[in-house]
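Data block below; observations after.
Labels run A, B, C and D following the written order; every chain starts at residue 1.
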Amino acid sequence: MVKPGADGERVRAALVALGAWPTAVVDGGRLAFVLEPCSTAVPLDALRAVAGVDGVAAPREACPLVARQAGQPVVVAGVPVGPGAAPVLLAGPCSVESEAQIHELAARVAAAGGRFLRGGAFKPRTSPYAFQGHGEPALDWLAAAARAHGLGVVTEAMSERAAERVAAVADLVQIGSRNMSNSALLRAVAETRRPVLLKRGMAATVDEWLQAGEYCLLHGAAGVIFCERGVRGFDAATRNLLDLGAVALLAHVHRQPVVVDPSHAAGRRDLVAPLARAALAAGAAGLLVECHDDPARALSDGPQALPSAALAGLLEVSR
Amino acid sequence: MVKPGADGERVRAALVALGAWPTAVVDGGRLAFVLEPCSTAVPLDALRAVAGVDGVAAPREACPLVARQAGQPVVVAGVPVGPGAAPVLLAGPCSVESEAQIHELAARVAAAGGRFLRGGAFKPRTSPYAFQGHGEPALDWLAAAARAHGLGVVTEAMSERAAERVAAVADLVQIGSRNMSNSALLRAVAETRRPVLLKRGMAATVDEWLQAGEYCLLHGAAGVIFCERGVRGFDAATRNLLDLGAVALLAHVHRQPVVVDPSHAAGRRDLVAPLARAALAAGAAGLLVECHDDPARALSDGPQALPSAALAGLLEVSR
Amino acid sequence: MVKPGADGERVRAALVALGAWPTAVVDGGRLAFVLEPCSTAVPLDALRAVAGVDGVAAPREACPLVARQAGQPVVVAGVPVGPGAAPVLLAGPCSVESEAQIHELAARVAAAGGRFLRGGAFKPRTSPYAFQGHGEPALDWLAAAARAHGLGVVTEAMSERAAERVAAVADLVQIGSRNMSNSALLRAVAETRRPVLLKRGMAATVDEWLQAGEYCLLHGAAGVIFCERGVRGFDAATRNLLDLGAVALLAHVHRQPVVVDPSHAAGRRDLVAPLARAALAAGAAGLLVECHDDPARALSDGPQALPSAALAGLLEVSR
Amino acid sequence: MVKPGADGERVRAALVALGAWPTAVVDGGRLAFVLEPCSTAVPLDALRAVAGVDGVAAPREACPLVARQAGQPVVVAGVPVGPGAAPVLLAGPCSVESEAQIHELAARVAAAGGRFLRGGAFKPRTSPYAFQGHGEPALDWLAAAARAHGLGVVTEAMSERAAERVAAVADLVQIGSRNMSNSALLRAVAETRRPVLLKRGMAATVDEWLQAGEYCLLHGAAGVIFCERGVRGFDAATRNLLDLGAVALLAHVHRQPVVVDPSHAAGRRDLVAPLARAALAAGAAGLLVECHDDPARALSDGPQALPSAALAGLLEVSR
C-alpha cells in the first residue's frame, strides 16, 4: 500500500532495488504493489522502510515450526546436518540385498568418509510384481552393518504399521517421494520422535514440501531434513528433473537442512558425480547416493548405482 | 536381440552393469532388450561385445553436424568456449539502456574477468505494451562499449529481417528461448555464418534442442553454443526450473559447449551466485549473467540483475 | 523386425496406415521399427499380418488383472459403472460437516439422479493446521444419509489403520490423489475386498496409474474405478490441468471404468458444468462432483462447490 | 481491503460464496484478502458490494484489444467463428502434398460440412532433415482447391518474409505453436490485416496466450481465433496434453473464439473423435482436424490423420 501523494514510480523502483518483482494494483486513488512469490526474500522491515510505503500485508506464516529450525543443523546420531555444518555423505544400496552385501558396502561407505548408511528394507515399486525388499530381516542386517562401521542408519518407512519398527533401528527415518503427502504416515513416523528425511514429492511445490515438514514437526519429529531427488519433467533424457533452484532456495533463503539425491535425479551413474558436485555448490548440506559393487546383480535400480569406489571423491568440493 | 539359447538373465545383468535400463520384449522364441532413453551412454561396440547379444539396433543419428563439433570448444572472437576450455563469463544488462550505461557496465564486466558483453537491443516481451528495447542504436552502443574494453559482443536476433544487422556487430548471435523452434529465424541467423548462442525453449526436450542446433549448423552457423536458462515448471517459488541434469548430459555425454543463464533461471538475484557455482560444477562451459548497477531503474528484469560488483566471484570455482 | 529382402518403406507405410508412429532402427543388414508409446492401439496380430514383417516384440503385460476387468462395468452396490453402463453421478460435499448438512445434500443428490453420495470424513490437507475432517462420526452420518435416500456411499480412506472402518460404511472406497502411490494404503484398502475409486496422482503417468490399480486388484479389491481429477500443470489459471486425453485412452483403448472429478480439475464452480459435459463426451463413465448449499460456510474447497440445484443438468448429455 | 471493524470471517465467507479463493493477509490492524488467479470470474462491482469491503485492487487490464472482441464471433470469409455462432469444422491434410490430393480432400471436407480447408505449405519440423512442405506452389494448389469447393483457406505462416505471400491466399493465417511467442512473426502477419488463428505454445500460460493475441490485434490483425492443441505433458501415453480447462476458460469466462485441434493433442487417430466431442462440449467454437485418405503415404503426421470419411460425424454434438 502506497501512501496517498507518494510517488508510485519511486516506490516501484525501490522495491526492484531490493530484488522484488512488483505488480501495480490500483483502487480508487490508492496504489499498491503485489510482489511475485519468486521475489528475493526481503525482510518486511526493509519493505516498510521504503519511503512512501504505507503498510505491508503478508499471509500468516504457514510453517512456524519449520521456521523455528532455520539457520541451524539438525543433529542426527551426533552428526550435524545443515546450516553451518560440513557436507555429509549418506550412501548405500537401493535395497538391502543380503547380510554380506550390506556389511561389505558399509565398510566402503565408511572408508569413503560417509557418515550414514542408507538401504531399503521395504521398497516402494511402481509394479506390484517387482521386488519389494527383504523387509524386517533387512532392517537388522542394516543396523548391524552400520554399527560395525560407526555409521548412522537411514532407511525408509512405507507403512504406518511399520513406523515404530523402522524407527527402532533408524537414526533418520526416510519418507519417500511417493509418500510426501501421505499425512497418516508423516504422523506415524513423527510420533516416533526420530528426525525425518523428507523426500520431495514428484510434483510438490516448495510450499507443499515445507508444509509436509510442518506436519512432521507438529507431530513430534526431532527435526526435518529435506531431500531433493528430482521432480517429474517432460523429457525422458534424464530420469527426473533435478531442481537445484529449490535446493538453493531452501538452503540460502529458508536456511533449512537440505540434502540431494543425485542418483534418482539422474537415473544413470555417469551423471551422478557432476550432479553431486552441483548440488553441493548450490547449497546442499549432504548427498544421498546409491552405490553397489555389482550393479549387474542389483535387485533394483542397478543402472543408477555408483560403484562404491567412486564414492570417495564426491565430497571433495569446497563450498 | 539375444542369441537363441543364450541366458537372457545373464545378458540383462551385463547390460545393467554397463549402466543401461533394459526392458525385456519377447517374440516367438526370441528375446530382446529395449534400453531406456535415459540409460548411460554405452558405445554400441560395448553392447555388441556382451556375451549372448546377437545384434544391436539403433536409430540413425539425428544430428550429425552437432555430433561433429563434439569434444572441442567453439571459438568465438578468439575465445574458446566448451570442452577443454576455461569457463567463460558473458555478462551485461538485460537491455542496453543508454550509451553511458553500457560503457560503464562494459568496464565492470572486463574488470571482473568477463570475456563477452551481453545486452539486448531488441527485447522479446510477453506484453506488447512493455519496453521492447532501443533497437538499432543500441547495437552500435553495445559494439562500441565492448570494443573499448576488449570484450566480445553477444546480443539477440529476434527477427529474420534484423539477422544481418545483428550479425554485423555480434560475435555471437543469441537465439532466445521463445524462438528456439522458429526455424525461419534459425536459418536467417545461421546464414550470416556467425556462431550461435542457442537458448533452450521453455519446454524443449534435449533432443529438440540438439535438432535446433542442427538447423543452425546445416544452414551455415560457424558453431553452436547451447544455453540452459531454466524450463517451465509447476512451482512459482523460482521463476523457472533450472535443468542442470540436461547441462551435465550435454557437457559430459554429448560433449557440447553449454553455458548457463542463472539469472533467468532463478529470477531473483540472491540465488544467482549459488546457481552459477552449481552450473559450473555440473559442467557448464560458461555463465551468461545479467548485471546492472542501478536495478531500481532497470527497464527490464531489474529484480534478477546482479550488482556488477558481484560479478568478480562467479568464476572462482574449480571444475 | 523386417524380413530380409522386404521393402522397408512399404512396411513403414503399412504401419502408419494402421495408426502407428514407427522409427526405423537398423543393425547389420536387418531393419526394425520401434513404435511410439502414443501409437494407436493396434492388435499384435494386425502388426504380424503386415507383409514383410518378420516378428513383433512387445513387453510382457504389466497389469494382467486390470486387463481382465476391461470391457465391462464394475458393479458397486448394484450400480454398474463403466463400459456399457449409463453415466453415473457421484456427488456430495467436500467434507461431511454435520449430520443435518449431509442429510440435506443426500436428498438433493438423489433428486438430481445421483446414485452415490460422496463426502469426506478424513480430509487430506496440505497444511497441518487446516480442517482435517470430523473423522469417525462423519462416517456414520454419511452412511445414514445415503441409506435414507437410496444412495451408495463413496468416501476416502487416508490411513491403513482406518481402512477397515471406512470400508465398513463405504460401498466404494476412495484413494486420493496424494495416496495413489502409497502402496501400504492400497493394500490395506484392497484387503477389505471393497471396490476402489482410484484417483490419479498429481504427476502420475497412465502406466503408473494402471499399475496402482493392479496393486489393488492383486490384494483383493473387488474392482477398480479410475478417477481423473486433473494433473499438476504450469498455469495457475485453472487449479489443475484436466487430462481428458487420458480419460479417452482409458475408456476407449483400455476399456476401463473411468470417472472424472471436474470440481478439483477446475477449482472454480463456473467451469464445472462445461468440463463435466466434456468428460462425458470423452468417454467418462461418471462424474464425481462437489456440491454444497452454502459454499460461504464450507469448511473446505467452497469456491469449487456447485450449488446442489445445478446438479440435475450434469448428466443430460448423450454419449 | 476490509473495513476497520468489519467481521473478517464474514467477508471471507461472502467471497467464497461468490466463488473466490481468498487468502487473508494482515498489516497492522488492517485485514485484506488476496484472491487466487484461478478464482471464478467475479465482477469487481460484486466484490465491492460485499458488506465490509473497503476497496478492491486489481492490476491494469493486460489485453484491452482482446477484451474488446469478447462475446462476439470473429467473421472469417463470411463465416462467424466464436461466441454465438455454430461450431465450425476446419479440416485438411497436415501438408499439401499434391494438387490432386488437395482437390480430392477439399471435396471431402466440403461434403462433411466443413467451412475451411487447412493444409500446410510450409511445415515446421523438429528435424532439419524432415519434409519441410512444398512451399509456394502448395499455396496456390490449396487456394484453388478451396475456391472450387466453396471453402475458406487456413494455412500457416512460418516466416516474416512469407507473411504477405501467405496472407494473399489465406482467409485465416495460422501461427503455429512453435511461433506463438515469435513477436516478429506475430507483427508481420498482423500487418497483413488478416484474421489470425493463434495456436497456443507448448508451455504457454493462458495469460501469455492472450497477450500474444494482443500483439496481433495491436499490429492490425482483423481478429484473433485462439487454438488449443495440447500442451507439453510428462506422459508419453498421448502425444500432447489437451487442456480443455483452458478452452472452457477462454470460451466461458473470457468469451473469446477458441477452436481445438484434437489431432495434435491426441497424436493418434483413434482418440480424435472423442476428444473432438469433448472439445465442443467444453465450449470450443470449432475443430481443426487433420485428415488424409491414404495415411500410409502421408508425408507428415500420418498416424494422427483421420480418414476423411470420418469427418462427417465430428460436429454432430449439440452444445
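As a working rule, contacts are C-beta pairs under 8 Å (C-beta built on N, C-alpha and C of every residue); 3 or more make two chains touch, one makes a residue touch a chain.
Being a predicted model, the structure only gives us computed values, none of them experimental.
C-beta contact counts were set side by side for C-D and B-D; C-D has more. Distance between Cα centroids is largest for the pairing of chain A with D. Measuring from the averaged C-alpha position of chain C to that of chain D gives a distance of 27 Å. Computed from the mean C-alpha positions, the centre of chain A lies at a distance of 40 Å from the centre of chain D. If you average the Cα atoms of chain B and of chain D, the two centres end up 31 Å apart. Annotation for chain D: residues 203, 207, 231-234, 236 touch two or more other chains.
Those residues of chain B that touch chain D in the shared complex are 62, 124-129, 158-162, 178-179, 181-185, 201-203, 207-208, 211, 214-215, 218-219, 231-232. Interface of chain B with chain C (complex): residues 1, 23-28, 30, 32, 34, 55-60, 232-234, 236. Put simply, chain B touches chain A in their complex at residues 13-14, 16-17, 19-21, 36-41, 203, 205-207, 230-231, 233-246, 248-249, 251-253, 265-271, 274-275, 277-283, 294-298, 302-303, 317.
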